[in-house]
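After this come two complexes, each holding chain A, first together with chain B and then together with chain C.
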Partner chain A sequence: MNFTRRGWLAGVAASLAGLKTAQASGSNRAFRSYPGRLGLLHDSTLCIGCRSCEAACNNVNSLGPPADPLDDPSVFERTRKLSTRLYTVVNRYMPAQGRRAPVYRKHQCMHCNEPCCASVCFVKAFIKTPEGPVLYDPDLCVGCRYCVFVCPYYALTYEFNEPATPRVGRCTMCYPRIRQGLQPACAEACPAGAIQYGRRDDLLELARARIRKYPDRYRPHIFGENEWGGTSWLTIYGQPLATLDLPDEPSHAPLPTLITGHLSLAPVAAAIVPGLLAGIYALAHRRDEGLPKNGQRPTTSLPDSPTPAKKKDGHEPLA
Partner chain B sequence: MNPSPEDRPRPRFPWFGATTGALLLFGIVLVVLRFVFGLGFATNLDNATPWGLWTAFKLIFVALAASGYVMTAAVYLFGRHDYHALVRPAVLSGFLGYTLFILILLFDLGRSWRILFPFLVQPGTTSALFEIAICVALYYTTQFLELAPAGFEWLRWRRLRKLAVAATAGLTVLGVLLSMLHQSTLGALYLMVPSKLHVLWYSPNIPLHFFLSSIVGGVSMTMTIGWLCQRVYAERFAVDRDQLDRLTLGLAKAGALALAVYVSAKGVDLALEDKWAALHSPAGAWYLVELVGFGLAPAALLAIAHREGRPSLARMGAALAIVGIVMNRLNVAVLMFNRNLPADDRYVPSWMEYGVVIFLLALAVMIFRLVVRRMPILAAHPDFRQPQLP
Partner chain C sequence: MNETWCRKLQQARFACGLFALLLSVGCEPDAVPASTSADTIVLRLPPALGWPERLPVAFAHDRHTKALAADRCSDCHPKDGQGRVLPQSRWTLIGQDAGAWTAAFHSGCIGCHEQRRQQEQTAGPIDCSGCHATAEDAAGVPPALRYTYDLHGRHVAALGEPADKTCQRCHHVFDKVARKLVYRQHEEGACRDCHASVAKPYVRALGDAVHLACVDCHRRMTSPAGHRGPQTCAGCHETAARQQQAQKDPVTRLVAGQKDAYWVTPAAADRPGTPVAFSHKAHENADVAPFCTTCHHRTIQSCSHCHTALSGSAGGGVTLEQAFHRATAQASCVGCHAQKSQQAACVGCHAALPPPPAEVSCAVCHRGPARRDLALVDPQVVRPPLTKTVLPMPSDEFPKTVRLAALAQKYLPVELPHARIVKALVDGLGDNRLAQCFHSDVKVLCGSCHHHQPSGTSPQPCSACHGRHALPATDQPDLRAAYHRMCLGCHQRSGRPTTCVTCHRPAGPVTQKGTP
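Then we have the complex of A and B:
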């Protein structure tokens, strides 16, 4: 490899240019979300645990009736989880100190503003629609389950028992119904008014008004407003988040921002590393310039090191 | 008279063929069951823990397959031609490591037949997995091309061999770049789950830690593979025991240095992220076992071995370092993941998951043996010995 000082300087200049470009493109601005998008507000203090939402959801998604019968209150004795046959689940939680009535909360995909499932999918099988819902395309899905792995709400499920066509199962925010101007099935089915559907900005106002009006009933916080960048599904509640199986004070930064810094290093590395390694090669082979260019060396070990090059003016020749 | 092929020394392990054959058959049955009945049948994976033992071994195989890029860089970039005899075994071992990675990935994917979708249908460029997919695909090709000279020598295709050899330096540079990217990004997969990975094993610097430990893995595996080849294939190996011992001591120095850097990086991480309080727990004790017992201790053993000229101590250090890397990947992917879940919901691998891993290891050993006995891996092909006269 014929290497000159000029060539090295050119390589460094190119690397710096590449670095500058990479810095300009790898920005970490959080997505502020589409204006006027829709959402849902779940008022956990109004939920009576009737599970009509589960029944309605299973109905519109053709999942069959929920595995646990609707009229059996003993199902609440254990914490039920989402599954590929149950896109939403209502669980009962221990009431906080000083209260006696049981507390219920509905859980489902939160349709995050900057969804990590969409960020990690290596075939872009998820999209965040302008209306709000995050959609999944099973025709692209390769089944890597990275989305299921990252979701901080454990909201995604996978058809592990389906050998031929396994898919991810999750709440769709009834996107086809929304497009027709209808409400999501759970919001329509709820008899207690615990689920409100509308524009996310309006729902935030509604939630704040309720919290202001009944300060003893609610905690002064809207879960989903800012957590991990915010979600389309908002929850107001009357007792500590940890007792409702929700994460307490997670970061406001969307989860994808935790990895964008690392991923943006790839073009930087591609720009710098070859030049660096070429420089190392030149340094290591600067005594070899007289030898024949035949690439391969004898397989037996060589003597330890060749005699050092003659020094001139006390300096070793550079290249 | 020349000895006939029948006069080879008796095989040292007569049970070898039967054992590997049985494991191969067992593995094929498991794989068929996995594809016929689905992942739910073959594994204990569930919605809370969709990645389990097979993911841990994907990480392990790649970390230990780093012998390829480490040795080619040492010889062709850093000019350490005294290690030349170890390059081909190291690259072969690395190539097999990535082969196992790809195989276990195919078993783990829900729809393996769609594995080319990110390249052919729709690339998800925001995904760390996409970067890994591209880098591994390119790196696998690079390693194959690095092995091509050996293959061409075996086939006696001189022109193509000359071409392949000329590409060596370029392939080495590409190999180091690609390895830096995907070794670190395999760690970056865990950046997005701070709430699910134990605080001692989670770090914003996990990509750096994975990359540094891959260097350790590469050096340690080269020492181990060299020793195994010397033990089993002494008659084929171009280096004799003394020469290998000298090379082992040199590698021990590199390994000690790499481990020292890795352990320091983790120490700095403990300080930067203020994790000291977390050390006062059973998990903390386990972390120290991994970091000190299988990180700092092998570093010391390798350094002492280099200084005192004790190759067997060096090999012990290498073995401990490999155990440390295996432990780290198992901790990150399985043991220290989702610890907040109630005990009933925690994941335990199924016997079939273990079975598939053992099957793949047996497969790798079989292929290594097959290639080494037929192709010029452990010694140069007699027709291509240097120097070539014009």
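Then we have the complex of A and C:
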């Protein structure tokens, strides 16, 4: 190949174009929050385990009454998981040493600031709204269940029993009610006031004030403030997170940033690697006399057979 | 080809042989975790002498004591000039190097075991893995022994001597001038006042001092009734064995020069303050604290001996005010009272309150006259009242039942058994004198539910302040949450029923499962 100046300039231009696209597509800046967005504060020490939130959630989402009867305390003997008919669940946990009352905690989709489900969905069926909730569009979903797999809080479930149009099941933070100015159904239903709805910044202040006022009752930490970039559901609690089935001290970096760095290199690689390999090929074959044209044998610099040397100056060649 | 194959076979055989050899040599016996019984002493090479080659040894002291005939302590333990058996074995004191140390123990232990085998008595092991079989991280400390009034009283009763002779047997202080141990009356402190867990120059470690004083006395002396104290580890260190010997007669009061009651005054001498009339006698019993050392946690002297107004190093950085009021300390007044309020009968209300001390209860203790009149007034007279809380008669201000109808929707209005609840609270006080001090006025109990208002005869209901919506600015819950948090919180903490139907009767038809 002829390594011409034109070829070299073309290669550099292509690399620069590739870099520009790479910069535009991938970036590792963490998104903190939309200003003024909403959230919910769950005070696990106030939860009495009445499961009114489960009943209200099922009612609002037309899921039918919860499978386990509401007045049967034996349902707490095992830890229940979320399901497509139970978008939120209250579980009972062993109290910390020295405390007597049982401890309950409500679990549901945490509506993360940087949701993993939205990050991995390649059909963009998940949207993080400015108000705070993460919304799911079943019409766009293709059923790959990558989101179910990747959620760190195990908050998404899948309708395996539904043959025709299976959907992902998850808490919606009652987005239609929020848009109407109402509270989410669970917050309105809670008789003990263990779920508080409001602006996330206000709830953080409220949680801090409560922890400061009752230092014996709470751990000095608001779960959801920073975990994996932060969530819209905040939890304050009185015993170790591991005993409440919550991850203990995860990283503050949003989980999607684990892969956006690598993914952002793909266009760069696509731009540079072909040019690089072509350049190496060119360097390796620069002494060749050219590529063979159609039908011709490749010319080499070695002679096939000794040809008699031409007569020069009328003299015969030596040997 | 044949040659190379033979060569490879030889190499393979050599490798297998080497591997098998290494495998056999490098194996240790399976390490068992050391038992946690009171008599297990874990013997390991002191770190200063190098790395151990073998696992530690779990030495069962009581087995050896029982196997040998009586008073054979000196087989292993040396005696000092006064004939007292020293707590360390004679081999522990050899400390030049690892070789000498292990050789001393081996000759002592294995020598005795071999001797007994020859005499056909029960003997311990003589092979390495018979003794060296404890996990490397085994802790070698038996459960700590704390003195109680009962234990001390039993010693005093067992010795049966006049008071001035008895105390001298165990209590001593170091006279810096005469540079020797003397007995000083009214300065009888605890062993750990001076003896720390590690030895200091000229001061034995606590374990050594206690074993030297106690076990040696048990070995040599019998009480006038013919009773000898325990000489096995378990006899003292196992609480079950100790409780079996619990004294039946009431314990006589320990008098070390203390008065029955004291005036406790704020620190600055020139400032007036409201002193506290502190009844020392009322606190000297096992219901309050197991022993004097619970409050006198460093020395038998008064608190202000170490804790000064400006905290110095003697007080560990704790000021005099903190020494009385720190809610998290066991030795402070407020801290101990806070601990008592976490009992099952009390925690229903007390867990909902902000951490103590509460300003409303300052006056319960601080009720003395002005400082200049202190000398004239006997602190016994000014103690907090110990009258039983009186339940008021039902009246308009103290209704028998309260009808909560503001939020009746799915359920019928709740008929709150008001008088019964207050009676349950009053009964929960029982004979507890601490509770009576603070709750002698029934209005204090009213304030547990009728909170955030002045204490008066006609408290406001919940709906006076709690509305339909929560107030996040002051973290005030709405009325429904206020009802449930107050009632169910207390029920949960005190083990009372918490189901909905305990209080509510459904208004309309119920489902098959009983929910409206």
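In this text, the second predicted complex is superposed on the first by the 259 of 319 C-alpha atoms of A that agree within 3 Å, B and C clash if a C-alpha of one lies under 4 Å from a C-alpha of the other, contacts with A are read in each partner's own complex, and residues count from 1 in each chain.
Definition applied: a contact is a pair of C-beta atoms (placed from the backbone, for glycine too) under 8 Å apart; a residue touches a chain by one contact, two chains touch by 3 or more.
These figures come from a predicted structure and were not determined experimentally.
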Checklist entry - What is the contact status of A:Gly64 with respect to chain B (first) and chain C (second): first, second, both, or neither? => result neither
Item to check | Greater chain A contact set [chain C / chain B] | outcome: B
Next on the checklist: According to the stated criteria, A:Pro274 is in contact with first (chain B), second (chain C), both, or neither; which is it?
Outcome noted: first
Checklist entry - After lining up the shared chain so the two structures overlap, which partner does A:Tyr146 touch, if you call chain B first and chain C second: first, second, both or neither? => result first
Checklist entry - Just chain B (first), just chain C (second), both, or neither: which does A:Ser83 touch? => result first
Item to check | Touching partner for A:Leu156 - first (chain B), second (chain C), both, neither | outcome: first
Item to check | Touched partner set for A:Leu258, first chain B, second chain C, both or neither | outcome: first
Checklist entry - In the superposed arrangement, does A:His285 touch chain B (first), chain C (second), both or neither? => result first
Checklist entry - Of all residues in chain A, which touch chain C in the complex? => result 46, 48, 50, 55, 65, 69-73, 98, 100-102, 190-193, 196, 198, 202-203, 206, 209-210, 213-217
Next on the checklist: With touch defined as at the start, can you tell me which chain C residues reach chain A in the complex?
Outcome noted: 342, 344, 347, 351, 354-355, 470, 472, 475, 477-478, 480-485, 488-489, 492-493, 495, 498-501, 511, 513-515
Checklist entry - In the complex formed with chain A, which residues of chain B make contact? => result 35-41, 43, 45-48, 50-51, 73, 76-79, 81-82, 84-85, 108-112, 114-115, 117-118, 121-124, 126-131, 133, 149, 165-166, 168-169, 172-173, 176-177, 180-181, 184-185, 188-189, 191-196, 204, 207, 238-239, 243, 246-247, 379-380, 384-388
Next on the checklist: List the residues on chain A that touch chain B in their complex, please.
Outcome noted: 1, 81-83, 116, 118-125, 140-146, 148-150, 152, 154, 156-163, 165-166, 247, 250, 255-256, 258-260, 262-263, 266, 269-270, 273-274, 277-278, 280-281, 284-285, 288, 292, 294-302, 304
